[in-house]
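Quick one: the structure is below, questions incoming.
Naming follows writing order (A, B, C, D, E and F), and every chain is counted from residue 1.
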Amino acid sequence: MPRIDGRTPAQLRPVTIERGWSKHAEGSVLISFGDTKVLCTASVTEGVPHWRKGSGKGWVTAEYSMLPRSTNTRSDREAVRGKIGGRTHEISRLIGRSLRAVIDYKALGENTIVLDCDVLQADGGTRTAAVTGAYVALTDAVAWAQDKKIVKSGCDPLTDTVAAISVGIVDGTPLLDLCYEEDVRAETDMNVVCTGDGRFVEVQGTAEGAPFDRKELDDVLGLATVGCVDLAALQTDALAVRQEPA
Amino acid sequence: MPRIDGRTPAQLRPVTIERGWSKHAEGSVLISFGDTKVLCTASVTEGVPHWRKGSGKGWVTAEYSMLPRSTNTRSDREAVRGKIGGRTHEISRLIGRSLRAVIDYKALGENTIVLDCDVLQADGGTRTAAVTGAYVALTDAVAWAQDKKIVKSGCDPLTDTVAAISVGIVDGTPLLDLCYEEDVRAETDMNVVCTGDGRFVEVQGTAEGAPFDRKELDDVLGLATVGCVDLAALQTDALAVRQEPA
Amino acid sequence: MPRIDGRTPAQLRPVTIERGWSKHAEGSVLISFGDTKVLCTASVTEGVPHWRKGSGKGWVTAEYSMLPRSTNTRSDREAVRGKIGGRTHEISRLIGRSLRAVIDYKALGENTIVLDCDVLQADGGTRTAAVTGAYVALTDAVAWAQDKKIVKSGCDPLTDTVAAISVGIVDGTPLLDLCYEEDVRAETDMNVVCTGDGRFVEVQGTAEGAPFDRKELDDVLGLATVGCVDLAALQTDALAVRQEPA
Amino acid sequence: MPRIDGRTPAQLRPVTIERGWSKHAEGSVLISFGDTKVLCTASVTEGVPHWRKGSGKGWVTAEYSMLPRSTNTRSDREAVRGKIGGRTHEISRLIGRSLRAVIDYKALGENTIVLDCDVLQADGGTRTAAVTGAYVALTDAVAWAQDKKIVKSGCDPLTDTVAAISVGIVDGTPLLDLCYEEDVRAETDMNVVCTGDGRFVEVQGTAEGAPFDRKELDDVLGLATVGCVDLAALQTDALAVRQEPA
Amino acid sequence: MPRIDGRTPAQLRPVTIERGWSKHAEGSVLISFGDTKVLCTASVTEGVPHWRKGSGKGWVTAEYSMLPRSTNTRSDREAVRGKIGGRTHEISRLIGRSLRAVIDYKALGENTIVLDCDVLQADGGTRTAAVTGAYVALTDAVAWAQDKKIVKSGCDPLTDTVAAISVGIVDGTPLLDLCYEEDVRAETDMNVVCTGDGRFVEVQGTAEGAPFDRKELDDVLGLATVGCVDLAALQTDALAVRQEPA
Amino acid sequence: MPRIDGRTPAQLRPVTIERGWSKHAEGSVLISFGDTKVLCTASVTEGVPHWRKGSGKGWVTAEYSMLPRSTNTRSDREAVRGKIGGRTHEISRLIGRSLRAVIDYKALGENTIVLDCDVLQADGGTRTAAVTGAYVALTDAVAWAQDKKIVKSGCDPLTDTVAAISVGIVDGTPLLDLCYEEDVRAETDMNVVCTGDGRFVEVQGTAEGAPFDRKELDDVLGLATVGCVDLAALQTDALAVRQEPA
């Protein structure tokens, strides 16, 4: 049975990675996974949070948000409601952990990089696009910081690439990179974050309908690993283009 | 003395108006005034706030926000701080009043349109770009609602166009459409909202340095009127292109 | 056509300025514009906000608030709702900017003066009464600070007087100093802040009904200038009375 | 040993009760206990909170607040901090309970009266002045509501008068109606609310220094009873003057 | 007329005091007054709040909270509502003041002890159980701090014991230690905090129905004094058992 | 290499499940996994949230919280900070999803059950203990609701048991049910939720140090499955004891 948009089960949606999208940020990427578009900006500041001062180590953190009308129905702004929702918290923390998995804090020195991932348009997989794009923005920000001598050049603060992809089981079939319509219908929904060498940083699977068994889990994990390797190649291609540091 | 970017005093920055930017919103525009980029989406919902129920009249409101790294230095998210700042409130209210000035509530019927204006990149004049872009998104949303028979077709809910521009006095010279660097140096800073026929909806002038006299006020008001007429023409051009309602 | 309360179009309501209203504040004024009564207190503290430390310059800021039953219908307290509303933010910022327009920060030295403007009874023009009364309270507070040697005596931190007045167009007639009933019916509503020499600090005009044209704008600006000059005289009279510093 | 202001131990400070202070509220009183000044307004609304609907019974509640510079040192506004402090909560609840002690809910019918007690100037005893003044404002509001036929006239919703006073032990001597300087030095501090017949509605005593024994407790309770009887007489006198309902 | 649970008017409910309940806290007590169960933990930190630094004096404070389903009907969590309610504030402050009444700040040195009193199950008298249990946890925490040489051993920071009990008048009869059912029916409700020598730290009485007279007040104060003396004996017994400092 | 507490790698800590802990809640369990103690209460209310009304389906949700001194160092209360933290949100959502995986909404009817999971003492694995205990409380609450005829008896709203366990890799060895000290040292940390038949509801794995490979993932998944089956047996045993519905 073909997928809604004609893809094969193990096929990613078209991915575009547009670097240098913002004139202000030290790194910035507009990434799209199909109709999902996320603007990822990396902001470098010298110094670290107070609980880390004097450690000689840097810090990387992330904040995720959706524009109110990035989705089919408008959502209230969290700023207007006066609090961050649980889902937003959860995804911000996921992005931060994913990026920190490939950071050598010592090499970064006492500097902080904040990744802002703002969803401009949502069609499923916003958190995985965010992780994947944020990695590229982070890489540009690190290069900028090395160029400005804020970060030392000898030792790379980035130990590997990192990317994320969603997988799920829809009508019994394991599928890679679910769009919104597939996501809604999935019995099982999983987000997987891998480093460039195919090892796992995060595995978050949820049974939306019936619980899933070990065989199903193995199937989607296999798909996800392949998807992340594909994304790592796209990240590397995007970064291969030399860009003037801002 | 030439301007930083080579413009004449009464010259707008390059303006682009990209309609249909979002696949979800009933109207959506990515507007740029030079390096200032604002995404304006219009969301139509049937019904009105409770204090207006049974009146037979519609409602239009707006929310403005800046992405944390839309500016040169990252700002904390208002959602994280848990409250909307005074400047954000002020601009959201300005945009809402500006759009309501050209709305015939009766013709709109008991429907609500919310305009979200999110600044993706800031270089001065974000509120004026927001008003100008939001008008176009609003027009597309009204057309959509008429197409869906949510709003009756006989009587146009939009009574005129509306656009906004900043003016200021920099080193003694009145200038139109200040970019950020000019804005910082301006002794006087004014935002003017006009309808398409050159009449005023809002005039908000502030002495940043020395108070300004009547002559200076007259000069910048004159510049602003011209700027708004130029913007009205650009809005009309952008809207002249037939677009498939989403 | 006579006004509701029998005034001529260019006539202020009776204005009273009662200095030394509070035994605690360094400056305090109960000002009334007709039935509008605002208590303005000035609080001096040595030191400035952290972003201004070491600059040798002072700071002046303001907070505006309405008592819940200062109006015809009771409003919820902002403290109970847990957030400041947009209108309150807007007016607090306006008062602060207006006062800072006549402050010589260097002469003030690294001291902060906070103006609290609490509306005890509202009948239109609360923000303009607040600016006008706050200036007088500020002047008393500066005198107190000079008397206590907190601020140096040689150079006056106040460079001019500042006052504010509302103007509007009601039934086609430009009117000065609108009371609440007039304000509700005004097609155009403007608040103007001037220094004692009749120059502008703030001009904030809004079309409540139809947009206004240049002729109407010129008319109300003219009225406002006259009103502010009258208020400056009343401020000077009120301050002419020698008062024991608290 | 004479008191700071020359009073005898059982003497109240000069009390003034100014009715009809506000043109908007259904009842309003500016009460002073010496230099303590509290503006009490009563707001009548038809209907009751949802948990009381259909009961045939009314509701009375109160909110207390201090203006930021009502005290010697400026306090931050609770609206700015975004939350009500514990002391404010405590006093608001005390005032509400005190007034409800003399209310016949059935006679009030399904109407709500909110008492706002805003401290304009503080010099000790703000909560007791608030209770005492709020009772008078409440009485005027009830009369207004009867005049407007909102509340039935046959049966008085007020079953008695209610007033409050502070007592304390300073340097071993029991004193009535402490001013701020005495309050700070008191070893024991008690607020007592009594009905007009000298019975107790609230007794709230706190050892500020050493615990107090039964003899000391008996002494201050005796003083407080006398003080409340004196206040009841002043309330009755103030209410004896016929006032035009607003 | 016998009480609901067969007690005599002056009889406490069964009281249990279980020390060392938590492995982490420096002092911890699970106290029960009949079916009311409160977990009291004492946390010692070196240093004091900034307003007390350099004084050589310590600080003791308390926070009270009820689990959402500690009561018959589930209450929303205050963390979810985003603010502390008035009752919670009031009780936290009462517990803090009660404990500070028996603290010698100088002997405590610049250390802070926070008492957390979390109601696991409520059946009336939660605040009095909290005060009584918190005293025991505080005593253990002080012993721990002396053992760790954080607090000097020569001079005891605790000057006496402190305990609290509720009293009330139900159907005309003064009763000690009300359970929830009695509390709901009480005409008068009082909480009394006494030191071990029977002197008063806090007296908080409220007329729930008709006001109470001096005779009734004297009766319940007498009962409360006896109850607190009984509790002091139980505290002393519980503390007599030698416990290994954690 | 033996574990800190002498367990084998695949051995659970001692688990106790104490039903009927609270007299008020429809279901209540004090569960311990070693020194981790969580109080789980289930509250039944008739009716469902507004977005589910008229669906004929019920709802189950959960809230997780830690007492401030449940951990080695005291944490600020979220109610005092005025917002729920990301971790709390994340765990509350996890518990809710886990329980809903075994709920037949139709059989539950339009009733809501809220599970409150309050950590009284923490030593690692608080979320897994919470899920495991909440299931038992939920079962008791469903039985209560059937007994009260709120839920129909014919069709069981619970479709299976559900339990959760943590697994991790410490010093290269996969371990089951990590205590706090092990958790801190784990390179990989995973929480797994399974139904009684050993299928997965949630799999949440995070690389704390180096990314983990497929072999490691397979190992910990295997351990977790065994652990959950053990817990299911303990739940069944605990529920086998007949308990009087409250």
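In this text, a contact is a pair of C-beta atoms (placed from the backbone, for glycine too) under 8 Å apart; a residue touches a chain by one contact, two chains touch by 3 or more.
Note that this is a predicted model, so its numbers are computed, not measured.
The chains touching chain D as well as chain E do not exist; no chain touches both. Compared with chain A, the chain whose C-alpha mean position is the greatest distance off is D. Two copies of one chain, chain E and chain F, form a contact in which over half of the residue numbers belong to both partners.
In summary, the interface at D-E recurs among the listed pairs A-B, A-F or E-F; the equivalent pair, sharing over half of its contacts by residue number, is A-F. Taking CA atoms, the transformation carrying chain A onto chain D includes a rotation by 180°, reported to the nearest 5.
One inter-chain figure worth recording: chain B and chain F are separated by 50 Å, centre to centre, where each centre is the mean of the chain's CA atoms.
Chain B and chain C, compared by their mean Cα positions, are separated by 29 Å.
Of all residues in chain E, those touching 2 or more other chains are 82-84, listed in ascending order.
Starting at chain D and stepping first to chain E, the touching chains follow one another round the ring as D, E, F, A, B, C. Interface residues of chain F, counted against chain E in their complex, comprise 22-25, 28, 35, 39, 41, 43, 45, 63, 65, 67-72, 74, 77-80, 82-84, 88, 114, 116, 118, 120-123. For chain E in complex with chain D, the residues that touch the partner chain are 83-87, 89-90, 92-93, 97, 101, 160, 190, 194-195, 197-207, 210-214, 217, 221, 225.
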